[in-house]
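One structure is given below, encoded as structure tokens.
In order of appearance the chains are A, B, C and D, and numbering begins at 1 in each one.
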Amino acid sequence: MSDIKKVVLAYSGGLDTSVIVRWLQETYNCEVVTFTADLGQGEEVEPARAKAEALGVKEIYIDDLREEFVRDFVFPMFRANTIYEGEYLLGTSIARPLIAKRLIEIANETGADAISHGATGKGNDQVRFELGAYALKPGVAVIAPWREWDLTSRETLMAYCEEHNIPVDFSTKKKKSPYSMDANLLHISFEGGVLEEPWAEAEEDMWRWTVSPEKAPDEPTYIELTYLNGDITAIDGEALSPATVLEKLNKIGGANGIGRLDIVENRFVGMKARGCYETPGGTIMMKAHRAIESITLDREAAHLKDELMPRYAELIYNGFWWSEERKMLQQMIDYSQRYVNGDVRLKLYKGNVIVVGRRSDDSLFDESIATFEDDAGSYNQKDAEGFIKLNALRMRIASSKGRNLLED
Amino acid sequence: MSDIKKVVLAYSGGLDTSVIVRWLQETYNCEVVTFTADLGQGEEVEPARAKAEALGVKEIYIDDLREEFVRDFVFPMFRANTIYEGEYLLGTSIARPLIAKRLIEIANETGADAISHGATGKGNDQVRFELGAYALKPGVAVIAPWREWDLTSRETLMAYCEEHNIPVDFSTKKKKSPYSMDANLLHISFEGGVLEEPWAEAEEDMWRWTVSPEKAPDEPTYIELTYLNGDITAIDGEALSPATVLEKLNKIGGANGIGRLDIVENRFVGMKARGCYETPGGTIMMKAHRAIESITLDREAAHLKDELMPRYAELIYNGFWWSEERKMLQQMIDYSQRYVNGDVRLKLYKGNVIVVGRRSDDSLFDESIATFEDDAGSYNQKDAEGFIKLNALRMRIASSKGRNLLED
Amino acid sequence: MSDIKKVVLAYSGGLDTSVIVRWLQETYNCEVVTFTADLGQGEEVEPARAKAEALGVKEIYIDDLREEFVRDFVFPMFRANTIYEGEYLLGTSIARPLIAKRLIEIANETGADAISHGATGKGNDQVRFELGAYALKPGVAVIAPWREWDLTSRETLMAYCEEHNIPVDFSTKKKKSPYSMDANLLHISFEGGVLEEPWAEAEEDMWRWTVSPEKAPDEPTYIELTYLNGDITAIDGEALSPATVLEKLNKIGGANGIGRLDIVENRFVGMKARGCYETPGGTIMMKAHRAIESITLDREAAHLKDELMPRYAELIYNGFWWSEERKMLQQMIDYSQRYVNGDVRLKLYKGNVIVVGRRSDDSLFDESIATFEDDAGSYNQKDAEGFIKLNALRMRIASSKGRNLLED
Amino acid sequence: MSDIKKVVLAYSGGLDTSVIVRWLQETYNCEVVTFTADLGQGEEVEPARAKAEALGVKEIYIDDLREEFVRDFVFPMFRANTIYEGEYLLGTSIARPLIAKRLIEIANETGADAISHGATGKGNDQVRFELGAYALKPGVAVIAPWREWDLTSRETLMAYCEEHNIPVDFSTKKKKSPYSMDANLLHISFEGGVLEEPWAEAEEDMWRWTVSPEKAPDEPTYIELTYLNGDITAIDGEALSPATVLEKLNKIGGANGIGRLDIVENRFVGMKARGCYETPGGTIMMKAHRAIESITLDREAAHLKDELMPRYAELIYNGFWWSEERKMLQQMIDYSQRYVNGDVRLKLYKGNVIVVGRRSDDSLFDESIATFEDDAGSYNQKDAEGFIKLNALRMRIASSKGRNLLED
């Protein structure tokens, strides 16, 4: 323990991580470098500077990572139509590898030998931070205060603050929320509080980024998204950067009551947990990406992606972004997107994302074949007979050999 | 050709299949047995009797298959959370193997040596009917008039009717819809017409089973579904048979604007096709089943199901219900449902299906572990360190051996 | 620690586990129950009784588990054609869940609150023992001395023996092997020593159960295996119990130089390790089972099994035998075996297992179709044209839409 | 039919394809272009020129495709450790897409509107040829004489020769083999004759490229293979081109009795068929490639490859080489090979391929961790406890909630 000289901390500027600064300084007698990232969480990051300075931190990193976050993490993930356990769009999970990357980069720049974070010992985020850190700097030490200290209740934490002169207004939330929250450009999440009872309905005033479908406008909003190689490059004809795309979709989606989710999910560490999420832009992107793929992607390419998606999602959820297997899958996914170009038109209305049109110069939709009229060009209906007969052959043989395929 | 003596036809009582009756009688000089099924399509089936009689049919089968359809086909499919290409709930696909089964049973009863159907040579339904028929009676002959005859336009068909004295009011739809439609208890589908242009929005008056979200009530509807072994057995505490469950959910869902879908899908025969679907009850069931599984299913069981689901969906879509591989997957899926018991509470509102609660005597949700308070019972936060370190080991070794996992 | 009253130890009677008996008694001040299993490792188990008694053990369990081992573990695994990482037949892995099961059964019988084993902290076996124990008795305590104590070298261990009056002839091997070995009816394994250098060839005198191919007889041995539901029930027409089948195949295989393997494998705990294995009977069974399946299993059933096999193998390797996902897969696998009946004829010669014939009343091989002569019965060569054309359709469309499938 | 002007025929120079030349000229009244490829089948291709000329062919293509075959088809396939149905190394399958590619290239060069081949209507090769042709030239016509003509017996074929003045010495085999054979650098295959009875042992004098293990040398042969990015670049230190690598391994393997296989396989067209194969070099490559991967590939990368391999194999077997999904998988596989560098040392002896050593500058084998001695550097045995406990957590919860994981 005692041989750690300098530690880079993922620092939000909030109360918990401010306590960690002091606790690290005292417990490990080491220098603390703070790193605060703007990932689009919707709070100012610059105030973290003064707070860190007040705690005696000399090396303070404050980065705007929004574009990198969406371009290199969110967009690649959406190319795969990634959903964890059929529901969750991985808003928290996908931000962690980027934070881990910056922690290690800063450790390398500042000569730090350790990193630290404010995630608890029961959640997935500790895993995601640490797997990323170990992957990128195998000899790094990791300090996870929540697994070490005894400040595990609000009371002991407050007592520590008082004892160590940590101003309690370091708390980023004006009045303490009953929920454990996390936010970035992709989503805001809620855990804890009343949510720990899976039968209890989430309270309406918990939600922050979306109006309820009930309160959403009575008139639908139509938007048109333009795709290039599987990524959105324009909204309603206006070219936008990745982060700006997501910001704009969050705004439009949130206003239309889109993107709320309330689930019980399976954590990598082994237990089930209730989580509520608001992912307005992501919910729109998911629906739209499938729509543009539906006309530009080969059938078997799409099916292969679908079969591998749950595993890809699991890898991201579990924190294996920097692993070889995630990169292998990404190679395959990215390659598949080279024709995923075109436009998707959507109708947004009170929580619904409705695809109303899709078009592409790379479309594989062939009206002349799909039509119900006479055989056109390359399709001869009589081919279907042979197609069916040979697809049936193995079953016909089994049946003719005496197997009863009905009651078997 | 000429050696076919008797053929069982899947007969809707509509114009097209009435033409087929006559065409089979004339072309094959054989006896025609008609089979009309009530699968919950929402039209009377009994009138088919008089029409068949008028065409000289002597053996007429009219069956109410609604309970068998939901119990033995729809429910087993929903145990797998089955979705084709991320969107489609397989409403048409899942009815075909049951019709194939009855066609063959009737062929066996009546001594028929062939079956026939009214599906075109470009679609999936011909495949589904015929794969089922061949699997269950390998020596059966199949007659697919749409692949053989030249009555491929409305005009030629009408001319045939006139020439052969087939009353045109055999058409089941008062005025001819511009769409090709199919309906059963699970859904109603629309193809053709304006839908053949994927950029064109579906017209509001196409939809039949659901009101638009805009026209749905301004007040939400709450319902509670009870599950036993993965199947719904009661709604709001009232025990219901499988078909009745689905009927009721269709009604509630349709009234709340739930279950519309507009997609471009990949057919088994190789082309892309636009389809619109209304699946009100199925959309509710899908969401609810995931919710009850979320608290009762082991994590890896759920993930295994998720990874195999796309293949299972593809098998049903492609018509391989009676295949060995579908049955193998079903064995696994059904086994996994033995603890999928409990209640799900849903809020339905203008197209949205919102899970607001789930509970079960077989719940694996363990509040004492998931809570953010101090370590309880079986969970020790310090275990996470070793867990992470060994999960990271292979990446740490790779990195320490000189591989750059960041830029690799 | 100190609240453990009684511990059940997997006891081989050898030096290491004898030291553990004493170490447990002293360190935990608890009663030790020993459990020694005959899994066909080829050593007497009864002598373990006197040794345990000499160490003051009062409750001594010595079980012959050979039939249960082969019937309920080895045979089910071979139904899946299970191979880990393309090579390893899982001889060690498959014995562990049975030992875990018995440890827990004995703990329940004797009122013990803990179990213990002699596996190191770097290997897979600790994981397999403990996952099994936790699954079957969630509140059990596990003591893994090799992760706790400091007797980690041969010297410190010997010193402990001397100090605590443990007779060194408790060592089961007359002269200490340089290898770490494990044996049961399925295989004997070797790790450590010169094997830790992956470039070094294993020494000939390491191998114990097989002669080298060079020393095997110059005349081949022919055998005939009879299968029922995927399991071998007779050899050369003689009905045999599961364990007797494997014993006999080990003898025949070993005499013919069959079943040696030298690999580098990936452990669950994260590192690579060199292992050498002798699996004479298992190597024969693997080849023969594929042969009987080749004529009795449907194509897609076989392919589905092949695709899931690596995951099934990984589950067993990693110790998840008692998990829900392993059982789900087993349901599917076992179901698939209901027609896997018949005979396989093999030629064994100097390390080679050569299939020379297979036959079955449930064969799906249809000579009349496979023959190169004129079309017979159910196969019409002209069907192939339509089959190919529709299989090609999606590629033809892509190509005709301007995609270059050659250089893409 | 009659509008075909020119057809490119895959022409072996043998009797069957010579008959096809004449049959095409007469039946379709079109010009025939012949294409004969040297794929390493071990027969002169140049004699095909005179035969084609004698049949009046004006455009004659004779290509040496050996290097392209191994470099662009065989090697990429072996990077995936590709095996069909657990046994078959796909020697025939992998040559077909290259022939299809050349047929289309020649069609484009010569302005032909059709291609033709000599594969029957019951086999896989027709599918592979035609899927390739359609993918690369969607409007091409395909003529498959064996599906059209009535020359389906040896007698009718001979009668046709006599009638049309086709010299019977066009037969490439001196005396007619009872087997249907196919050969290229990767293998030679045998079907038909006595093999149509799966219980009958193949006759010793059928085999052509390998001596029997019995006749192989009594002394083992040691070789060392050098890998770069997953491909063999040198044997025993001598740098060799891809085709030369395979030629040399065929020679060494054949001399040592390596690479015989006798299986019943499942054809894409739906029936089972018996096939015998000699793949001496490929058998060596398969074993060696796994060995070099065993020390250079990340565990999960290897497992992902293993899980996808059966599907990749199926794609090649079924003829989908030019499909999007095969290319997607190839992207992933090729990417995974960037560190698959190093040497493998093999002992070849009477049918056995025995790995005796593997080494690599990119090895991930870490002796300091794998050793049984005290904890070294990055591995702390105590980490295993937490690792196991959290891996067990979901089972512990299920068990503590009352589920019986033993009897469930």
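Observations on the structure shown:
Basically, a residue touches a chain if its C-beta (ideal position, glycine included) is under 8 Å from a C-beta of that chain, and two chains touch if they have at least 3 such contacts.
Being a predicted model, the structure only gives us computed values, none of them experimental.
Chains touching both chain B and chain C: A, D. Two copies of one chain, chain A and chain B, form a contact in which over half of the residue numbers belong to both partners. If each chain is reduced to the centroid of its CA atoms, chain A and chain D end up 42 Å from each other.
With centres taken as mean Cα positions, chain D sits 31 Å from chain C. The set of chain D residues that touch two or more partner chains comprises 138-139, 266, 269-271, 298-300, 303, 311, 323-324, 327, 363-364, 366, 369, 378-379, 382, 384-385, 387, 389-398, 400. Chain C meets chain D in the complex at residues 81, 85-87, 101, 120-122, 126-127, 130-131, 134-139, 142, 144, 146-147, 152-153, 180, 191-192, 196-202, 213-214, 218, 220, 260, 262-266, 269-274, 290-291, 294-295, 299, 302-303, 306-307, 310-311, 314, 322-324, 327, 345, 347, 349-352, 354-359, 363-367, 369-375, 379, 381-382, 384-385, 387-389, 391-392, 395-400, 405-406, 408.
Partner chain C is touched in their complex by these residues of chain B: 138-139, 266, 269-271, 298, 300-301, 303-304, 311, 320, 323-325, 327-329, 331-332, 335-336, 378, 390-394, 397. Interface of chain A with chain C (complex): residues 298-300, 339, 362-364, 366, 369, 378-380, 382-387, 389-391, 393-398, 400-401, 403.
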